[in-house]
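Accompanying notes for the structure given below.
Chain IDs A, B and C follow the sequence of writing; residue 1 opens each chain.
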Amino acid sequence: MQPIADPIVTFRHVQKSYDGENLIVKDLNLDVAQGEFLTLLGPSGSGKTTCLMMLAGFETPTSGEICLDGQRIDTVPPHKRGIGMVFQNYALFPHMTVGENLRFPLAVRKLPAGEIDAKVKRALEMVQLQEFASRYPQQLSGGQQQRIALARALVFEPKLVLMDEPLGALDKQLREHMQLEIKHIHQSLGVTFVFVTHDQGEALTMSDRIAVFDKGIIQQIDRPDALYDAPANAFVASFIGENNALDGHIEHDDGDSCGVRLADGSFLKAANGGVGRAGEAAMLSIRPERVRIVADAEGANRLPAQVEELIYLGDHLRIRLRVAGNTNFTVKTPVSRLERSPGAGQNVHVEIAPEHIRALTPMPA
Amino acid sequence: MSTDTLTLGAASPEPIAGLKQRLRRAERRRKLLYGALIAPLALFLLVAFLWPIGALLMRSIDNPEVRGVLPQTLAILDTWSEDDLPPAEAYAALASELASYKGTPELGGAAKRLNRETPGYRSLIMKTARKMPLAEGVDPQGALMTIDSRWSDVDIWHTIKRTGTPYTAFYMLSALDLDIHADGSLSATPPEEAIYLDILARTFWMSLIVAVCCLLLGFPVAYLMATLPQDKSNTLMIFVLLPFWTSVLVRVAAWIVLLQNEGLVNQALMALGITDAPLQLVFNRTGVYIAMVHILLPFMVLPLYSVMKGISPVYMRAAMSLGCPPFKSFWKVYFPQTLPGIGAGTLLVFIICMGYYITPALLGGPQEQMVSYFIAFYTNQTINWGMAAALSTVLLAATLVLYVFYARRLGANQAPAGR
Amino acid sequence: MKLTSTLALLGTAVLSSAAHADITVISFGGANQKAQEAAFYAPFTASGGKIIAGEYNGEQAKIKAMVETKNVTWDVVEVESPELARGCEEGLYEKLDYSKIGNKADYLGKAVGDCGIGIFVWSTVLAYNADKLKEAPASWADFWDVKRFPGKRGMRKGAKFTLEFALLADGVKPADVYTVLATKAGVDRAFKKLDEIKPHIQWWEAGAQPPQMLASGDMVMSSAYNGRIAAAQAEGKNLKIVWNGSVYDVDSWAIPSGSPRIKEAYDFIRFASQAKAQSKYSALIPYGPTHQGAVAMMDPKIAADLPTAPANLKGALPSNTEFWVEYGEDLEQRFNAWAAR
């Protein structure tokens, strides 16, 4: 990980334990750049939410330090940090109207009334809910509440906004709509967003960078395309996007590329994703859309395969194959690219270009 | 418009023929079914709750005694001008009716009823009845006037006429410290006899003090219970509910033992040198407050707890994230959300308190008695059930007014439920 | 109480009708009931009757409810005079047939009522703790003198007798008390007199309270029922009675209207109204017998402690039943208003 120049937030050797026995966050080092949209992604219990809560001030680090704008903040109480936050279930105050909810952070800061009104109006315009100022939160739909929560976190113009799985309670269609809306708001305001989710699609859609968490450690932090195309390890490969895994051993290591012998004896050339020396185990990661189905074995990097199942999805086909002992090898192919669909049980071959196979160190069992 | 505010039924500007009727018919069937489901309970409530209460309240205006004994006299008094003495027929009718009811319980009841209006009328009626029937040919008017001079005064006749109506405001007026005079005019009861308005005010005041004490003591406990982990809050809950497991009488007796002059509390205070002489802690208001708060505390803690349990801790975090200091967050964000619980708990304690009898009766002096004491007094001691019913009506009305006030004020403050 | 009598009723219904029906006798409890138990119930039971004994505090509401619902489970009740007079007029009690009881002329005039026959004469007296007072009070005027006799005073929480004592303390002659009290000015005078010692009064309600509180020193003197004080004296307490200015009244046996065991009720009343039974009762608790032949059967030393003893009657005031029936409700209400203030 390269150090970022002039970061807004830095975590240095931060650890967190609740019970004094297990570390839920192990040696976290993280820089957040000014104005970026950073997503903390990981399965539940991976430490991403704890990380966010330490930044917000609701949890204190067991050791290490956290800085905001170059100032240490780990001992600053949450209400003095000036960080906006959107909670999982919005946490809109039910006894206040939408307008009162938005006024709240401004009134606490004792702004003049005229300024408060102007800011509230602007914030409501930003989320297109001008006419809802006198409603109570319960009178709004989930999506509207979500937007008000966002507006409330932004109305006092914090430099940093944290979001803890804010879209989890919405249905799929609305969620996708809100992802874009949040992204657009971020782009127009230039505020730094730190977003926590366990949904990799959401992370890929919205983020400038994604930090993938597992077992209290950042496994990889990078741009979405880089994470997808060049996962640093087996966990990232399987957690982000669909992944076909094939197990084998390194036969020769050529620096950027390598040769791998699979368990059934077949051989593939692959890009080297940081595996060990010859003779060590490797996991090959192959994205479903990078696989070509061909009729014969004539050509490089081809493997025999048997069609197990075909799933028609309108614009594309998903074909489940048995390849080198893996019965769940999935291929995604646009319908237009197939001259004719193979039938179930048919023997075919698959071809994958070496640059689209990443040899990675297998996950410890 | 965002995708999530799609409205249903935007179609069909043309009404479909007969749709409304069909809908109404379908709805009606459903309503009938619901009605049938709750009918047994409604019936039960009607028979076991509303009817007896209604019947009891009727007693506060019921006025059968004089009407039952003197129907003919009253019929003649109907046309009486009321300025002068009634016509001779009224005397004759009264004499014959007194003669026929002489020595019966009905006459006793009527005499007692008249005596309530003006003390002395009971003996007047009884004395007159004893001299009945009159000898043949004697002029009833003259005879009655000879028996007692009060028969030549219009006041007794006014009283008979007024107590002869089927319903009377007499008890209700008395319960509100108003006197009705022989000529039918109203005036405030003289201060040395006025009592019920003061007692009502005292009932309100003492109930308020108890409710406020319960709130002050109960709020922190409920808050603690709502924030502690489940197992610890369950233990606390047992302590809160503990008073429910012993009878009120036992607890009141225990308080007497603890608080009396030679009781444990006073002994401890004196042993610690806090006081030299025992403090008067019982048979006065202090004792009543202590015991009432103890008895009613669970009624405050439980509604508070159930409301607080439903308030997510996230709200406090949200408020702090918005820049609000912790205590102010509690006050501005958490506390307002507990208002329904505070309202429910206070109202519950207040209303139970308003009707409390046993604790003030046993732990208080005459200055601590509330309305229910006088209801019991009239029910048991003097058997003036009209008065008992009138005081009950006043208490019930005061409680209802309070409830309506609560529903208006706290109900309106709350955000309407999402629709 | 009601349950046991209902059970008893069931029991008698099952047994043959030849057996004596159990009757329920209700009286004021405490020392009084204990004495009745020994003097009346036990001998009556020995002669073949069966009694279920119960107690109450004189509330007429229960009896009224029983009579009105025609479900009378009390057969003989001890009633105070004003309640008896009022209840008799209102039909709560059976009119007595004296041929089933005894000779009217044998009894004190005040004891012979239409609906009830006197059981005993009791007196409300001034009692004091002789250990606590250096000087003995002699009248209600002394009771009011908080300078000479400092300390709390006990009075019954109610208008009855309290007002009489106030007037006596204010110098009204016993014979004039009720004439004065029947006027508005007289009532005002009584309450004004009560105002003087209001802060010094400890109110009591049950007859057992005054001897207890006198003995414990919670109060130095009190109005009290003479029998209760005698019982405390018997236990060795140094309590003394002032007969001067005492008010006496009669408690009577009455039969609630519609009692299904009226024959047995008469049997009991006849038995308990005999001179012998009454003398036995009065020996146990010093309330005066209503049968004029009873005193002759008693130890003269005990007879001297009775309210009916001539020496004790001097300066005593008979309670005016008629007055209390007439003005009771009004005065009790006024008293409540006064006390609650």
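By definition in this document, a residue touches a chain if its C-beta (ideal position, glycine included) is under 8 Å from a C-beta of that chain, and two chains touch if they have at least 3 such contacts.
Since the model is a prediction, treat every value here as computed from it, not as a measurement.
A centroid comparison over C-alpha atoms places C as the chain most distant from chain A.
A simple rule picks the central chain: find each chain's mean C-alpha point, then take the one closest to the mean of all protein C-alpha atoms, which gives B. Mean C-alpha positions place chain A and chain B at a centre distance of 64 Å. For the pair chain A and chain C, the distance between C-alpha centroids works out to 92 Å.
Mean C-alpha positions place chain B and chain C at a centre distance of 34 Å. Across the assembly, chain C contributes no residue that touches 2 or more other chains.
Touching two or more other chains at once is no residue of chain B. Considering their complex, residues 2-5, 312, 314-315, 317-326, 328-329, 332-333, 336-337, 339, 413-419 of chain B touch chain A. Chain contact summary for the complex, chain B toward chain C: residues 104-109, 111-112, 115-116, 119-120, 122-123, 126, 192-195, 198-199, 202, 261, 283, 365-367, 369, 374, 377, 379-384. Across the complex, chain B is touched by residues 59-62, 64, 86, 88-92, 157, 188, 191, 202-203, 218, 322, 325-330, 332-334, 336-341 of chain C.
Note for the complex: chain A touches chain B at residues 56-58, 77-80, 82-85, 87-89, 91, 93-95, 104-105, 108-109, 128, 136-144, 152-153, 156, 162, 173-174, 177.
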